[in-house]
Amino acid sequence: MAQMNAIQRALDSDIWYSFTRSPITVASAIVALICVGGAVLAPWIAPHNPFDLASLQLMDAFKPPAWEADGDPNYLLGTDDQGRDVLSAIMYGARVSLLVGFCAVLLSVSIGITAGLAAGYMGGTVDAVLMRIADIKLTFPTILIALLIDGVVRAALPREVHDQIALYVVIFAIGISNWPSFARTVRGSTLVERNKEYVQAARVIGLSRARIMVTHVLPNVLGPVLVIATLNLGFAVLAEATLSFLGVGVPPTQPSLGTLIRIGNDFLFSGEWWITIFPGIALILLVLSVNLLGDWLRDALNPKLR
Amino acid sequence: MTAPLLEVRNLRVEFPTRRGTLVALNDVSFSIAQGEVLGVVGESGAGKSMTGAAIIGLLEPPGRIAGGEILLNGRRIDNLPYSELRKLRGREIGAIFQDPLTTLNPLYTVGAQLIETMVTHLPLNPAQARAKAIEWLELVGIPAASQRIDSYPHEFSGGMRQRVVIALALCAEPKLIVADEPTTALDVSIQAQVIALLKSLAREKGTSMMLVTHDMGVIAETADRVAVMYAGRIVEIGAVRNVVRHASHPYSAGLMGSIPPVGRRLDRMQQIDGSMPRLSAIPPGCAYNPRCPKVFDRCRVERPELMPAGDSLAACWLYAEGAPRHA
Amino acid sequence: MFAFIISRILQALPVMLTVALLSFAMFAYVGDPVAIMLGQDYTVAQRDALVADLGLDQPFFVQFAKFVVNAAQGEFGLSYRLSRPVAQLIVERAPATLELALCAAFLALAIGVPMGVYTGLYRNSWLSRFFLTFSLIGVSLPTFLIGILLILTFSVWLGWLPSFGRGDTVNVGGWSTGLLTWSGLKALILPSITLGLFQLTLIMRLVRAEMMEVLRTDYIKFARARGLTNRAVHFGHALKNTLVPVITITGLQLGAIIAFAIVTETVFQWPGMGLLFIQSVGAADIPVMSAYLLLIALMFVTINLIVDLLYYAVDPRLRIGRGKGAH
Amino acid sequence: GASAQTVRWAAAGDPNTMDPHSQNVGTVTMVLQQIYDPLIHRNADLSLRPGLALSWTQVEPTRWRFVLRPGVKFHGGEAFTADDVVFSIGRARQPTSNFGIYVDTVQEAVKVDEFTVDVVTRIADPILPNKFASVYMMSKAWSEANGATRPQNTRAREEMHTTRNTNGTGAFRLASRENDVRTVLRRNTEWYGWAEPDSARANVQEIQFRPIASDATRIAALLSGEVDFVLDPPLQDLNRLRAAQNIRVLEGPEVRTIFLAFDVARPELQYSDVRGRNPFADLRVRQALYHAIDIQAIHRTTMRGQSVVTGTFFPPQVNGYSQAEDTRLPYDQARARALLAEAGYPNGFGITLDCPNNRYINDEQICQAVAAMWTRVGVRTSVKAQPLAPFFAQIQRQDTSAYLLGWGVPTLDALYSFQSLLATRNGAQGDGIWNYGGYSNPRMDALVERMKTQSGADRMAAIHEALRIYREDVPHIPLHHQMIPWAMRSNFTIPHAANNQPYFRFARID
Amino acid sequence: MRDPIGTPMLETINVARHFDVSRPLVQRVLAREGRRSLKAVDGISFAIEKGTTLSLVGESGCGKSTVARLVVGLYGPTFGSVIFDGQDLSQARADSSQRRRMQMIFQDPYASLNPRWRVRDIIAEPIRAFGLMKDKAEIGAKVAELLTQVGLSPLDGQKFPHEFSGGQRQRISIARALSSNPEFLVCDEPTSALDVSVQAQILNLMKDLQQRLGLTYLFISHNLAVVRQVSDRVGVMYLGRLVELAPAETLFTTARHPYTRALMEAIPDLEMTGRQRIPVGGEVPSPINPPSGCPFHPRCPLADARCKAERPEMIPARGTPETMVACHAVEEGRDRVGEPLVAAGG
């Protein structure tokens, strides 16, 4: 009963309404759902397991998509240079990419929000120090940050452990290299919000600073964060590909979406276009749909725009 | 009475929203004569600003004029194409908004903004416009105008800024000024200065004015006639003295009664219970009927039009024939 | 003004120092220059001699202190890979990168800003939607793929533009520029597009968001009420007010463009600092890498300063100290 | 402007110095050998021919005599004499030289007369002429005048005149040079060799060398006609290049062999799930992994036919090669599983294969393919691929369990490979310095010692025995010799050389 | 020098708040300038008796809101102290049982409610923060009761603030302030954004609450008509100082300080349509460089040399001893000359 009510309320809500009113949003939601669903369910629905080396046959390499002249119906979107089914590789690769992308963005969002809130709300020295740190960070390319972290981890931990946590190293590296943009945005909005009277009202009640920042200021500064976050998702996915090229990150036998594109890039001139084009399309669809959803959500969450 | 400068007939403004269309202004009619000041009062959300915005053609989308007409000097202006309407703005109809802090572009000097406006509308070259701009600043009482003309808005105090806004609204010498709460953001002492200024300018230049405000004192001081709005309609319109002292419509009466007197202390201020209905839930009949102390059956079914009530016009069945008790 | 610049420079010092420390520290991990320099044949003694020669056997902070002292004098030593003074290499390469970066930034601004204005003004037109969606496609493809696709189209298929290099350059006072020759200009087109695409999207979205915000403000409404032309309102008043955030982001992004030109320079064999850097990473050429990073940091600090000065130019409110109690 | 006789040439790397004795890497010598001449030249088939020396004879076991070509002038105008030879050999022997292996046996060079030089060796060195084909001759006077009497090296911490300036006797002279951008060479019309029959038709007036690091861009530049000659086209693009009008692909083998090596020394592998023992120490395991590799699939698919499958670790061009020892263990998965079970690993085990990803042709892809093949017989392999800098840094710390390596033989003699790759690491100069798996076999060490000193049939017998041990003991799993296709516009002709050196003195453009 | 009244709920003793508005250190050093401070409130003493209302009036920027914030502890005083029910405020703030006794209603009905929170959560926040109730249902009932108390429907708790009118929002913030059962309320211009009918509702509500619950108010406004309706005593502020403090009736009938009298003159008068008001002449001086002596002297018709040099103290006014006033002219009796004393109405 209560559930029914909740569902009814959700369907009746303005957010749902604005959602159904925007065909582009609905389309991107469907696409995003397919992307994420395909990735999450890959082990169950993918026709092959490209990460299982034992199942790869080099003889099957470079098969064009099924509809092409020498296509193999077994491999709908063709195979790559190792004989991996491109369709399955996309699904499995998207798993890696999404994991890295989402976690990295989550990490940078969390750091960025924390730093931005603290800097904006507390001001003074905290602000100056945090923003200088952000400046310093901004001068370092992501790749170098990742190399540094990887180097430190490598030096500190035995290699077996290092291999197991390679993925997390990548997530961490990408995550911490993007936080300043979030921090700056959040700080800017926080500076505006903290002078609003509802924040002062909360202070009169005697709530702690942390609690005011989290429960009052935070929800009001999330809008722009959402938009940058969605833009950053694509960036994180691509950064992962670059890092795996540099030997930091997931092994090439478990290629991510970005790695697939990078590998396929070598075959663009030789006519084996499907190796890069299909993962490329998958990535575009993923990033595009997530971004469009982000745009919509920002508008939908803003009561002023309803 | 001469032909009115501005005439609004049966104006209707709608907001299409997801849950049906909101009617923000319904059947609003009034006119302003040459040199006349019409005060507009009423509860927050009654549609005062909307009326002003409709006249200068600056309704915020998705709001739109859905019916009625607006005539300026006998010429219909509500259906003009954008470029035509633009030429009227500033030149024929000036506007003053509530907040002097936000109505001036912070990035331009006040002189630049004045000159820009004048050059757009009047056959002046920038040098002439500059000279005129200084004149205007002097006229609105900015001391050392020839130096202050190159100052930025933030370098002025609130009161001075509002004077600049007034100069801006007047500099192309419009015939009508729509002033939407020009003094609400100012404190009492400056408020008095601004009102005095507006009044004297209007008198000197023969400008008509629509003055929207919450402040009855300002209305009483400044306006010739006053229109009382409630829930998207005009419920009463008449000469200031009549409406303020002997309001005909029960809402107007309640409103006037709520004005806190300066001269004495009341134990309990007179108030109108309840609140104005939201636009999406306006009751049938007279919109005021749920709050009206004098409500009777007809009020709940039939909507009253403006009708003569004493020296004013009021939209109230009390003044129709066959009302149960006369006010 | 002078005081302001000095204070910014003082603030920049700790930033630079930290960057120096970090860049210095990180190279302990990116690869072993000794192994690379020795090549296929060496003895243990040779190896130790080299380590001592390079000063790699000294304590970390001694190495660092030396590094900072030298760096402050513009002395970064000799490149391990090319055996040439790093400062000389950087000076040779900087013009290429700067021209590319500025061109990309210019492209991003020249296209991104108008597109942002357009999409901000006509939020729902199909052209706006097209711009928004299409630009997102641009950012969701890796730079190297975009570069290759552009080369494939414009160099290989159409044969219009060169696929690599800077074309002919002219040396103007020690600065080798490709902007003055026809082939130099042609060579600039594809790399600038590749590099600028992401920034273009960003700037467009930013301007759009800011425009939408600014268009809701009172002073825009007031500018319209004064009857200013559309152009004056949109570009004179609205756009100028969006500039502060746009300047910030563009400034930050210019730093990012320079820092991230690495991929673009590799794809187009553009002889800039990025190419130098990536080759140095391959060879663990520590002096070049650290000099590069410091240079980027310096560039960043400079850009930040310029951005702040631009603020001053754009926004008069920032010109006075915080003293005046704005209310 | 690109005149009819200008060749625009591209390759991935740029020479990092112009000093002829500093960096012994292909990217440097490919440019410098156009400018500097050695005493002995190579033909396109790598056979020797007179260069600055007209003849050379081993007058004693430890003394070689070189008779110099008279009348040769350096680009700077200095006459070439015996003094320059003595100086140059001495310079190549300096500690800062990277060309030490070519002069490692030299005790001293002695001027006999103005145009005769004797080279005295510590031990009898039968392959000295082969080595001297890589030692370039500089002008003594010029070097001394410019303070470049020793090879420039990064250790010097200073820039030397020779970093950017040249003065050779070669067919081309350096006209201009910008690092990583462009290096322009002009024909030296006074060069003595132009009259010789195989250079008579050569007509290249100017060489514009442009490094282009990105594979795709390099190919695009060739396809769009912006360059005439690409030294290192990626394999996968060959078909497209062959199909393109106006473009020709030259194929040929390189003297470089790709193989897999193991850590056979540690009692327990670092990167494996086997505890307490080292499976690679067991010959059966190495054989099993050998059997597991379907080399034909790699040849056909990964290398697109551009490889020469091999069972040994240097190609026929190298002195000491034996056809009889060049046989592989057959591809046989069943046998591989059986051997693993026999060795006590019926369920296989897990390892990490270290791999460079930008050093050899399709290196990473080869590793992945091998990993799949090994996994299929039960040895679960994960690939760790890195760029060459971190890769070499890592394996040189011996921080690896299995790795892929490619080995070239610039001396074209077997000793070079055996000594570097298979001799026990003992700290002595050159022994086992690239033997990161720790392979150690006393018999092999003895054979290497024999190779160093003996000559003639004895030496050949030692090499052949060593090759047999290599085949039977499986210290490596050899894969293939690399092929090095060259691609060029069809109006350009140049003979293909297995050392990947384009000899523009034989080239012609129409 | 205390305010002569009975048991005070709140008392400020020479309380001040200065803001540091100097530029950052480096710039200051380079420009060779000292620190600059803005004396928003510069030594104010008053007391509010339990169950009564004290109003503060004065021009924009004279420091009214700063006093309000000092009183609720949003700002700490630069010097002086605030005594809440006999206890120093800094101690009271530390004690949550004391803290809940004091609440504030803010000026801007649009900015004082968190736009992302539901109304019921906004109102319940103090209850939760002070741990007054634990049970969900209990809290819900209390919220419903509060909503009813301020004239809203319990069902309104579901909604978000933007769904309410300004007057309704102000009621919500009153409900929030009441939810911790406070005894002392600071109201910083609670009706300045509202129209007269809604203003009347709010003021009546506040009065009702005072009568029923015995609340004590510090009421801040620049609208003298409103102030007259609600106050027992009125303080007039000018440039960070009190210039006059008197019982409401006395003030409105017999204003003493020239500034107060000027303010009275400026009140728009309903009855006298068409009358020209006499604005206070001159511009408000900057609080960073306040004038010497009496801060009002540049605008004061009665100013003389002493006013320029010497700062007047608050002392009982001659003639109306219940009034405290800081004016040399009043002290010297110069103020009666030639000017009608009765300001307005009467």
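All chains are identified by letter, namely A, B, C, D and E, in their written order; residue positions are counted from 1 within each chain.
The rule is simple: a residue touches a chain if its C-beta (ideal position, glycine included) is under 8 Å from a C-beta of that chain, and two chains touch if they have at least 3 such contacts.
On a predicted model such as this, the values are computed, not experimentally measured, just so you know.
Participant: Indicate the lowest number of steps between subunit B and subunit D, counting one step per move to a touching chain.
Facilitator: Shortest path length, in steps: 2.
Participant: Once you count every C-beta pair in contact for both, which comes out on top, C-D or A-E?
Facilitator: Counting C-beta pairs in contact for C-D and A-E gives the edge to C-D.
Participant: Which chain has its C-alpha centre farthest away from the C-alpha centre of subunit E?
Facilitator: D
Participant: Let me have the rounded angstrom distance from the C-alpha centre of subunit A over to the C-alpha centre of subunit B, please.
Facilitator: Measuring from centre to centre gives 52 Å for this pair.
Participant: If you average the CA atoms of subunit A and of subunit C, how many Å lie between those two points?
Facilitator: 24
Participant: Using Cα averages as centroids, what's the distance between subunit B and subunit E in whole Å?
Facilitator: The mean C-alpha positions of subunit B and subunit E differ by 31 Å.
Participant: Which residues belonging to subunit A are in contact with no fewer than two other chains?
Facilitator: 265, 268-269 - these are the residues of subunit A that touch more than one other chain.
Participant: For subunit D, write out the residues touching at least two other chains, lowest number first.
Facilitator: Answer for subunit D, listing residues that touch two or more other chains: 216, 220, 223, 387, 390.
Participant: Enumerate the residues of subunit C that touch no fewer than two other chains.
Facilitator: If we look for residues of subunit C contacting two or more partner chains, we find 11, 30, 144, 148, 152, 324, 327.
Participant: Which residues, counting only subunit E, touch subunit A once they are in their complex?
Facilitator: 69, 72-74, 93, 96, 99, 102-104, 106-108, 111-117, 125-126, 129-130, 160, 162, 173, 176, 180
Participant: Can you check the complex and tell me which residues of subunit C touch subunit D?
Facilitator: It is residues 30-32, 35-37, 39-44, 46, 49-50, 53-54, 77-85, 89, 92, 144, 148, 151-152, 155-156, 159, 162-166, 266-269, 271, 275-276, 279, 281-284 of subunit C that touch subunit D.
Participant: Can you check the complex and tell me which residues of subunit C touch subunit A?
Facilitator: My answer: residues 11, 14-15, 18-19, 22-23, 25-26, 28-30, 129, 132-133, 136-137, 139-145, 148-149, 152, 202, 205, 209, 252, 255-256, 259-260, 262-263, 293, 296-297, 300-301, 304.
Participant: Mind listing the subunit C positions that touch subunit B in their complex?
Facilitator: Going through subunit C, the ones touching subunit B are 217-219, 221-230, 232, 236-237, 240-241, 314-317, 320, 324, 326-327.
Participant: In the complex formed with subunit B, which residues of subunit E make contact?
Facilitator: 59-60, 165-168, 193-201, 203-204, 207, 222-226, 228-229, 248-249, 252, 262-263, 266-280, 283-284, 344-346
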